[in-house]
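In the two complexes below, chain A is the common chain; its partner is chain B in one and chain C in the other.
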Partner chain A sequence: MSLGPAATGAVQAGSPHRDRPQTARTARAGGIDLMIRVGAYVAVAVVLGYFSVAAHGFFSLSNVVNVVEQSAILGILAFGMTLVVIAGGMNVVSGGIDLSIAANMGVCAAVFATSINAGVSDPVAVALTLGAGLAIGAVNAFAVIGLGVLPLLATLAVMNVCIGAELVLTQNTVISAASPLISLMSSGTFLGISVYAWFLIVASALFIVLVQYTRWGLRLYAVGAHREAAHAAGLPIAKYQAASYVIAGLCGSLAALLSVARLSGSSPGANDNLLPVIVAALMGVVFSRRMVPTIGGTLLSALFIGFLANGFQLINVSSYWVNGVQGLLILAVVSMTSLTKRAGT
Partner chain B sequence: MSDAKGLKIEQTKAISLVTKAAIALALSGGVIAATTAARADDVPAGLSLKGKTIGISVVGTDHFWDLKAYQGQIAEVKRLGGTPVALDAGRKDAKQIAQIQTLIAQKPDAIIEQLGNVKVLDPWFKKIRTAGIPLFTVDTATPQAINDTTSNNWEMGEELAVQMVQDIGAKGNIIVFNGFYSVPVCAIRYDEMRAVLKYYPDVKIIQPELRDVIPNTVQSAYSEVTDILTKNPKKGSIAAIWACWGVPIEGAAQAVQAAKRDEIKLYAGDSGPDDIKLIEDKNNPVAAVIAQRPTEIGKTAVDNAARHLNGQSVPSFTFVPTIMVTKANVQEVKDKLGWGL
Partner chain C sequence: MTATSRPPALSMRGITKAFGPVKALADADLRVERGTIHGLVGQNGAGKSTIIKILAGLFRPDRGTIEIDGEPQTHLNPRQVEARGIHIIHQDRLLVPTFTVGESLFLGHEGGFGAFGLLNRRRMQRQAGEALRRYFSGIDLPIEALIADLTTAQQKIVQITRALLNRPSILVLDEPTAALNKGEVDTLFTTLRGLRDEGISVIFISHYMQEIENLCDRVTILRNGKDVGTVDPRTTPIGDIVAMMIARDIKEMFPGRKRKIGAPALEIRDLTVKGKFEDVSLSVRRGEIVGITGLIGSGAKEFLQTIYGLRRADGGQVLIGGKRVVIDTPAKAVAHGVALVPEDRRSHGVALDLSIRENVTLSSLSRYGSMGFIHAGRERSGVDALIGELDVKAAGREVLVRKLSGGNQQKVVLAKWLSRESSVYLLDEPTVGVDVGSKVEIYQLLSRLAEKGAGILVLSTDLIELMGICDHLVVLYRGRVVAALRTAETDTDDVLKWATGAQASTRPDMPAATMPAS
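Moving on to the complex of A and B:
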């Protein structure tokens, strides 16, 4: 990760003997940063450009809306994951991560579908669903911050609890659900764009404002990236980190509403989304100026993953390739991030 | 084991209330004439798919049956000169929906959908039809499909039961696995077996019937059959064991062999490659199984789509004949199955 302007200044103000090599190294690091950042955008542009030429109708409004719809669940889950990573730091072992977020969606979808089937009205069912998601987030927060368990382990345990709870509720079968809200979400449109796609558009806007343009968002970054400094500045680190898990829990339940609308009920297999969510949240880093997780970057990653699957299908390349390409992307991102870190130290 | 297990799970999902209605219709005889007319091997020459794109959407290919039917479709589309857009959803409903959504935008000449969850898929089937794309299905009954190609489970159940009654001389006690009566295909095979037994009063089903389970099917069948054999130690007190699919029979065969009760014969209403190997083994008590022909089913579904696209009419259902495999014919029919055995 880049040292940032303040840190660079501090180095330059140091010993004159070390001045030149450090500056050169920092400049090189900055150069690599820039290369990666530009490289990421260029790579995306090249891939999308190729699809737009090779695949008929790739950039048509309907296809773009299709991809936005197909990316909505992934995007919203990945926003939750991004918040947790921002607040907990990017260390792979000890940093922030919420492995329960996809399973959370599964159990929340089961709650939504079963409560609708139990004859509960839409608002009450939504409240129950969001409540379940928030509760799961709160359990994560308690385990990580209250008990001090590594996020990786705490959320892994909660993931298992969620998977178990979903199985108990659904008996591992599909639970069909139909209600006015579900029909509105699955087939309603506004300004020619489906309600489903609007969900992602509005959620993206809200999260971008919250994380990138508010004092709360700035402090969230401080808590994750510069823990000691944030502590010294008097920020309540625990509260910020706890909030990130609770909001991630809420994201799980919001995605559950979308999932029920999309699949006409609750269907097993929600946890299959976990790896794509991690990919989207981590890959988003290459789209940020300072190589940190951002909502915009995560959104771009989620859409890029969606466009890849869509584009490959449109040009009739086997869907089996998409998994391989996703794997290569993760490898590229991780290695590029490590490379910059090494160059920057 | 996975093939039969997969088949069971998928068929559980695939066959809904809609199927029951279709079954009733088929039973009424309306489909029988159409069935004969649409047998697998009589595709008229010149049913070209040249210049046509056929979308193929399957929920997964991790089971033997699913993979063979999927490959059968792709190969047939290519053979008839068409371009397949083949999509495997990796057993993920959400992925299959996304693939179908994009497929609709691609406007293929027809879409063939194989298995998957009817409750989840139904709204998307409607969208396919609304987009004016003809829909065909493989082993998935839905009123949205122009044709559903599948096996004839009534015939499978009846044929196996007749063979069993014949083999045991129309008398004796039989052990029956009936854990999946909720699965329509198993219910059909079971009911057909009972219908045959009705006319052979000396053949009695030991009560209570056994419950086959998923998972741990083989282990559970082994211990359940061992218990019954212990309770009925006299040779000849049990004549046969019946199950609607192959996997419990694999466990039952092990139990029969372990108890050295070679007089007992085993029957399965569906099978995978492992079951055929048991039949081939002269010392194994498995006497007969019914084998579906998934490759042929996939091929036939494509042929039906081709017929429709060439202006011919197709029946609502096409039943691809199954093959009963016994110790007597196993070598002869192995190749015919198209399983690559």
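Moving on to the complex of A and C:
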């Protein structure tokens, strides 16, 4: 209370909130963050610990390698999703999300398989596939940034277009494909590590550098976390957000290459990957100090989901349960993040 | 001061800007010399923010010329403005909550931190530390901390440091001290004086006249879109500056007190919340405005919250209209005709993204409809009447509250409760961040409410305000009532002594429960 008789003329001289520091986030919210983070690690440890006891050979080298290989497709798709979430913000309704990314993989796999079967050379087929993925990403970017459609709806629509396009190309059948590249990818190894695993390792490294260690990555976070602040800092928000969708599209087509190699062709049902991809991207948040999506967190989550599915298999639980568990994980993660947000305001 | 031969750092002349029929600026001049701190004051709506937005390149003036360092500028856009060395620190803290201090300082200007777009985080953090030490030495600001974990004051400092890193020639600060405490304000002022001595011009917008007096070399007063004077605040009495702002004598700000005092509307007996306040008693009669004040930690705020059911009392009684009631939730308070106007209106008082109409009728929809349906016509005319009565300055009842000034937002909060016709009003710092003109209107409104028979309890730390509007004043010190005074028989000095504990409570017989009769 800085008011005294000297201030008689000063209508606003009293500044009542002077002595009251306002913390933007209460200590309690910080505590919740910590609890969630520790809780996440403990939960992961408990689940993996249980399987290591209950499922014979769960932590054997061959099984771990197997899980990593199986997780490559999920991981790469989830990286694309993570970028979109970073750039679009974590708001569950209006934030960034790419629901078309798994269906994108499906149609790209169909493009790859059919073009190989049409007698196209490997490099051309790869170029066509990646081009298809980029095009789908560009359509998403145009719908979200150009037309201003909510990402949730825009990418849902594009997802349906992708599913339709895949059906047109494949007539809902398995299309086998064989080529030198496909056999190299499915059976090749380097330093004793399979091509699938290499894909995941290299993609993780590239994305970690891009997102966590470059100016571009820092700005991507700014754009998603506080649009006005990014704008005030002179950043072209639209370009960053558009880029995230295009890169996600590219991730869809890269995953398609792996999927064709793994299944020796294109096969229906690619869109079943959507749920685990969302889980991996959102669950990754709980592994970061700032409670934001990170590539490292997404990678951990993708591997965790891989181990979960694998563990269920080993202890002979129907794989149908895995779907339910993933749904619960989404619910848990989303409610946790909204819990911290609420405590934070 | 600069030699007269050098052109001023900034010269805006004859600036006129209209929004539809409303003239925000009419032939306004602003001339800022190099190496000076130049205050800009005026009521909300006087044109302060419009002239700053024109300078920022966000609005284009209808007429007028702008010269920076003597060079005429045409069609300023935000990027050019920055290139000319003008940096504006807006009231909103535009910082990314999940970023560290270092990242926030350099976002958008990370360049030079490594090749290929790679970030050199270590260097970034080091330079951030150097910058903070240079401009805000003595303020503890961990550079690894996340923005979300900082106090609003610390965030403000980050924002200012961010602008200073760009070596501005003109720095514009829009209400920078609103969230800072005394020590932080002093540090900021030292920094600004240092910048001035380096030849940087500072434009400083504030509602706090003492700050203008302490800091500024010149001050330009805006009223109704026109500059009505540029004076030296160190030699011009503050009263004169305020008079120029409002074109009215300060004594006229407060409404006369010719109210009829009736039966007790609110009686509090020995209310206690352990650790916050103890055995606090007071009564507010119909037609009476009672003030309650105290330093931070006096328990006054908690006391108000307890009456409204936001806190659970550990003991004591609350009587409304003579009847004993138990209020342990805000819903019960509302049901008993008790209204609370909270201090932080942005987070508690109004829904920013709803219209004025929706905000006003939100808690009283039943009055405007039947069987769950809203009678739109009745609602519209009711809201229009309240907007008119409170003189809310807006283009219409459908305007989003977010777009209103602080004073007008506060009026919407008041309108919301008026629309319920409560019998007891609790107000927590009703005029914080509100311009002088709106303050006067709020005072008049409170006075009218009392005239209509409501009992009003105002918590404020603005003693002039309390002396001006209240009949009685209760002073809390460390959770206890130390004085119950009639405002007619005391002065701010006396109240301040009680509130700060300088005057020990040596009157155990002081009947706190019963106010001196008027």
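Throughout what follows, the second predicted complex is superposed on the first by the 318 of 345 C-alpha atoms of A that agree within 3 Å, B and C clash if a C-alpha of one lies under 4 Å from a C-alpha of the other, contacts with A are read in each partner's own complex, and residues count from 1 in each chain.
The rule is simple: contacts are C-beta pairs under 8 Å (C-beta built on N, C-alpha and C of every residue); 3 or more make two chains touch, one makes a residue touch a chain.
None of these values were measured; they are calculated from a predicted model.
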**Report entry** Touched partner set for A:Ser259, first chain B, second chain C, both or neither
**Finding:** first
Requested in this report: With the two complexes superposed on chain A, say which partner A:Val174 touches: chain B (first), chain C (second), both, or neither.
Outcome: first
Requested in this report: State whether A:Ser267 touches chain B only (first), chain C only (second), both chains, or neither.
Outcome: first
Requested in this report: Pick one for A:Ser62: touches chain B only (first), chain C only (second), both, or neither.
Outcome: first
Requested in this report: Return the chain, chain B or chain C, that is in touch with more residues of chain A.
Outcome: C
Query raised in the report: Touching A:Gln70, do we find chain B (first), chain C (second), both, or neither?
Result: first
Query raised in the report: With the two structures laid over each other on chain A, which partner does A:Ser318 touch: chain B (first), chain C (second), both, or neither?
Result: first
Query raised in the report: What residues on chain A does chain C touch that chain B touches too?
Result: none
Query raised in the report: In the complex formed with chain C, which residues of chain A make contact?
Result: 1-5, 7-25, 30, 209, 213-219, 221-222, 225-226, 228-230, 232-235, 290-292, 344-345
Query raised in the report: What does chain C use to touch chain A in their complex?
Result: 79, 82, 90, 92, 94-99, 103, 107-111, 113, 116-119, 146-153, 155, 177-182, 185, 207-210, 237-239, 242, 250, 253, 295-296, 343, 347, 429, 432, 436, 439, 460-465, 491-493, 496, 499-500
Query raised in the report: Considering the complex alone, what residue numbers of chain A touch chain B?
Result: 57, 62-63, 66, 69-70, 73, 174, 176, 186, 259, 262-265, 267, 269, 272-273, 309-310, 313-314, 316, 318-320
Report task. Report the residues of chain B in contact with chain A in the complex, numbered from low to high. Result -> 13, 83, 85-94, 97-99, 101-103, 105-106, 117, 119-120, 122-123
